[in-house]
Amino acid sequence: MLIEFDKVTYLYPGTEKRIFSDLTIRMERPGFHALFGPSGVGKTSFARLLTGALNGYDGQIRLAKVGTPLYSYNLERLPDWSSVGKHLEKITPDAAIQRRDQLVEIFGVEACLGSRFSHLSLGQQNRINLIRYLVQDFRLLIMDESLGNVDELTRERILLHVKAMFPDVLFLYISHNVVEVAKFCDQILVFRGARKTPQTMMVTGQNHCLEGQLDPQGLQRTMLEIMNAS
Amino acid sequence: AETINYRLKWLYNMSVAGDLYALEEGFFRDEGLDVDVKAGGPERDAIKELELGYAKFGVASADQVIRARAKGAHVVVLAQLFQINPLQWIYRPDVVTLNSLADLRGQTIGVTFGGNDETIMKTLLAMGQIAEKEVELFSVRYDYTPFYQRKVHIWPVYRNSQGIFVGQKLRDAGEPVGVFNPEAHGVKFVANSVVTSEKVLANEPDLVRSFMRALLKGWGRAFDPANADKTIAIVKKFDKDTDLGVIAEQYRVTRGLVHPDPNIPIGTIDPDGWQQTERIMVAQGVVAKPVAILSHLKQH
Amino acid sequence: MLHRRIYQFLIIYLLGISVLLGVKYSLNLSDYVIPGPGSIWQTGAAVFDSYLHDVMNTLGVAVVGQVFSICLAFLVGIIGRQTTWFGSFIKVAAYNVQAYPIVALAPIIFILLGDGFFTRLLIAAMICYFPLLLSVLGVMSEPITDIEHFYRSTGRMRWQLEVKIRAFENLQKLTTVISGSATLAMAGTIVAEFIAANAGIGYSIRIALYQSDLSKILVALFLVGITLAVYQGLLEWLGVFVRRGWAAA
Amino acid sequence: MLHRRIYQFLIIYLLGISVLLGVKYSLNLSDYVIPGPGSIWQTGAAVFDSYLHDVMNTLGVAVVGQVFSICLAFLVGIIGRQTTWFGSFIKVAAYNVQAYPIVALAPIIFILLGDGFFTRLLIAAMICYFPLLLSVLGVMSEPITDIEHFYRSTGRMRWQLEVKIRAFENLQKLTTVISGSATLAMAGTIVAEFIAANAGIGYSIRIALYQSDLSKILVALFLVGITLAVYQGLLEWLGVFVRRGWAAA
Amino acid sequence: MLIEFDKVTYLYPGTEKRIFSDLTIRMERPGFHALFGPSGVGKTSFARLLTGALNGYDGQIRLAKVGTPLYSYNLERLPDWSSVGKHLEKITPDAAIQRRDQLVEIFGVEACLGSRFSHLSLGQQNRINLIRYLVQDFRLLIMDESLGNVDELTRERILLHVKAMFPDVLFLYISHNVVEVAKFCDQILVFRGARKTPQTMMVTGQNHCLEGQLDPQGLQRTMLEIMNAS
């Protein structure tokens, strides 16, 4: 597995501000990793470069053994012509039916399955949307605030179980919650803006898992590291 | 001077040669008149324009005049431009023989429902004692495809304009052409005439007189064989889309309709014709009752 | 809603008639130019039955023509939404056909199709489909990223799904246009009959025109208008129904 | 884009002619039913200049008519978007006018307006405005909550702003419809000329029909088509330009 | 100032699940208050009932001396025909020009003013949108995830300054971040769902202000209280 940015420079057409300037990054192992950094620093742009939704950059972006990268974000919608339960059924490959039912339970959205998407609360919408991606056959999934508007308890449960269910894939989790990122993520890629050197720093998180013990001091340390980096 | 609008019945072509001749040769100007000769068209009605004040003179067919009188319009006829109605039927003599009315029996005949030709054809049928179900009346539109495709063998045309185009095409294709003229079978149905309103006639008799003088002079000169080339040139000037050869042919045919008898001056109103027209229209139920048409003919 | 449409139509019709009568009496015009109320009424009584029959006949063709147009518009709209060469070619073709006034095309249509029911249908459809096409094209060529993203990135997007998504999101616009196009189907059929047919209210209007009988035309317009008000009211109701139905399927 | 439109039109035209000629030769029809290529070519050479002049004349009226239609469509669309009684009344009125085929209204228009430039313009506009109206109505009656919420809740919403927001968000759809409606403006103008018979290519087509000269009609269709391809290409280009311009204002 | 729900029962038309059942609530003083609770519990619905966007409830809702309540949420958009700076200018009353400039600085969006809304990152969009509301003349503002996608540092700065700038108005802040809510809010209305009794509980937060000292133990206590309540 490989994600490699090699001296990537990017600016949006028609603008002058570089989002990235000779950015070089390498991530190689599966796991639950994070993209972190202040609002507007370029996390979404990074994800879109990675999936090929943005083009026209200088430098090289290399992906290997990650299949088609998936990108989910928190403004996505499901068509409203049938209930979200029906939609989920439709897009779940046969092999993943069981996984879907598990996810629905973990995500706490059983009660929503009979409703149309537009009749759900924002947090419910985001959870349903994320399940759609998780039942696909994927090796790399970017979650851009995909758990936005979800309460912390539920979020924690979701993260722990998702990590346990998908040990072999590569997640890139975008969130602004330092504690969460420090606690659950493995590698944390902190974006600092194109004008700082280095532009990014890699912090190692606590990677807390379902049947692991959390080290409160380690968490504090990681959080500090992240704060210092950004 | 005030511009006098003169609304024709149809587009500029040989059927209005006299009007154009008068205009081009300055006959109106000589009378001190500034006349605008306006083209007509299918959606135009000179009689309505007289009433609305859009025109002072116009050309209308006899049936229009009679219909209008029946509905209270104060229209009067000043001259009759065609002595023989150009509305006739064209046919292929190699397919049908039309020597007498009886020959119509069993034929498919084109008529424009609601138009003059319907009235005329129905009169012909009545005269020939042919019941309507003994023929098939085919609804005619503005294109000739059914006739060309030989679905309908007898097709109404204006003898002096469409008749020439269509005849030419058939002849080019090596097919003979025949023309069926209702008048030859006793149906006189008056065609284009010059009209004005009673008000203009009463209030501006001098204007009417000088206008008609100029106009009839135009018609007279236009169809004097000596001026044939000039007339053809003038018509060509207004009717650019028609070939000179066709126009020449139209001239020849039109002359026979406008001035068939050297003893009858161009523009002469034929009271018998008008009376018969009125009778036919009443008989066919086009108007409910006679309109005393003779009293509205004011020969100039 | 339906009866509101009807009495609104009546108001409009009466307004129109009043203007005409106003012109008539202020300019002192004869019945030949503008018929008086008595003459309109009499004509109405005389031709009502046969005209109503004609209008129904016309409506029948219009409905079929409209359905046909809707299919055609969706077909062309769906093909033409693509930015490919073929898509734009289809669009150019569809536009061009529209540019030609039907009167100019009619002779060619007669040659190819004769003058039966199909000609009438084709002309009605040609007049009616274009506005539909424009709307369908507009709707179909605008992506709805937030919904389509998932299907696209997981390789699930088929053209049927794309069409369904865009249609559903623009259902309000589409039903507005479809029920509005009923008007055009009717107008188209009347024109077709006027040019081509031997039946229907368009044919009767043509005869009335030849007879220079404005009363008959006014009666025909009344019947066309009221029929259309009812038909369109029904369509709108159906539109609401479809929207609700699809949303609750 | 422009020259693509042109050669696509040429392909379509040639296809059309081929079909006609195919019918001619396979059914062995004589020259007076469908003219041969030689006769079309000769006629083309003979009337090209005068027809081109006519087409330009017609295009001039069509452009004015289209602008007029756009204004009218926006006016009615903006009023009719409201769900008030008056809004729906205006809508019914606008629909009704459309339902009446122009041929039936023409006598009334002539009575009221005479036969000047305005009659021609009015008829062209009447044919062209309706599809525009339908789209404008569709666009204008659909709220864009995420944008409008702020203005509404702070009492800042004016109808101008509402119209601006909805138009901007649907700019793509609106420009599609507007450039598409050029076609209809042209068709409308030709019909008007055909009926009112005073000038322009519609008048020439009428004469050609009277003369039963299909060659001339084919030449006229060619010129109309090519002019329209160019005009519409320009409009599309303008549409892109406007969209870009407004987005970068 | 008064917000009062008196035995309010509400369910969405066509559904059977009551969102609120005889809900009775009273808030009377200005300040920075919170609406808290798991995703889907009814926070947004509560806000929409309050502003009158939802109708057809049973019971009574009374508002007094709060003017027209404003409701901002995180999916709002600005029209894209001019830059967000121009939009802000346009909707700022003369009296609030200075305030606007202050807010722009505090929110850290100076660099965005020249851009169109659609060219901003999500966090930037949300900040710009919130500024729009804050420059209005208002007595009650509901912020429904209005600072979504904004990083914690910026959010903290924003909250502290906003509180200082608007001592006399009533805010209802909807967020899923327990720490944040416990730290900055005065009264915290915790929603527990229509089937629990009581449906809501009122927790008093630390109400941390610009020139105040934060009591870490108090914060822990409040957080616990909130967790227990929900």
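Letters A, B, C, D and E mark the chains in the order given here, with residues in each chain numbered from 1 onward.
In this section, a residue touches a chain if its C-beta (ideal position, glycine included) is under 8 Å from a C-beta of that chain, and two chains touch if they have at least 3 such contacts.
Please read these numbers as outputs of a predicted model, since none were measured by experiment.
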Labels of chains that are neighbours to chain A and to chain D: C, E
Partner chains that chain A and chain C have in common: none
Pair of chains whose C-beta contact count is the highest in the structure: C-D
Whole-Å gap between the CA centroids of chain B and chain C: 38
Euclidean distance of C-alpha centroids - chain A vs chain E, Å: 26
Centre-of-Cα separation between chain E and chain D, whole angstrom: 51
Residues of chain D touching at least two other chains: 33, 103, 107, 111, 206, 209
Chain B: positions in contact with at least two other chains: 43, 45, 48, 52, 143, 145, 149
Multi-partner residues of chain E (each touching 2 or more other chains): 75
Which pairs of chains touch, using the document's own definition: A-C, A-E, B-C, B-D, C-D, D-E
Touch list for chain D against partner chain C, complex: 4-5, 8-9, 11-13, 20, 23, 33-34, 85, 88-89, 92-93, 95-96, 98-104, 107-108, 111-112, 130-131, 133-135, 137-139, 141-142, 170, 172-174, 176-177, 180-181, 183-184, 186-187, 190-191, 194, 202, 205-206, 209, 214, 217, 220-221, 224-225, 228-229, 232
Chain C-touching residues of chain A, taken from the complex the two chains share: 51, 68, 70-73, 75-82, 91, 116, 129, 132-133, 136
Contacting residues of chain B [partner chain C, same complex]: 43, 45, 47-48, 51-53, 64, 67-68, 71-74, 112-115, 139, 141, 143, 145-146, 149, 286
Interfacial residue positions of chain C with respect to chain A in the complex: 146-147, 149-150, 153-156, 164-165, 168-169, 246-247, 249
Residues of chain B touching chain D in the complex: 11, 39-45, 48, 52, 54, 142-145, 148-149, 161-162, 165-166, 169-170, 172-173, 240-242
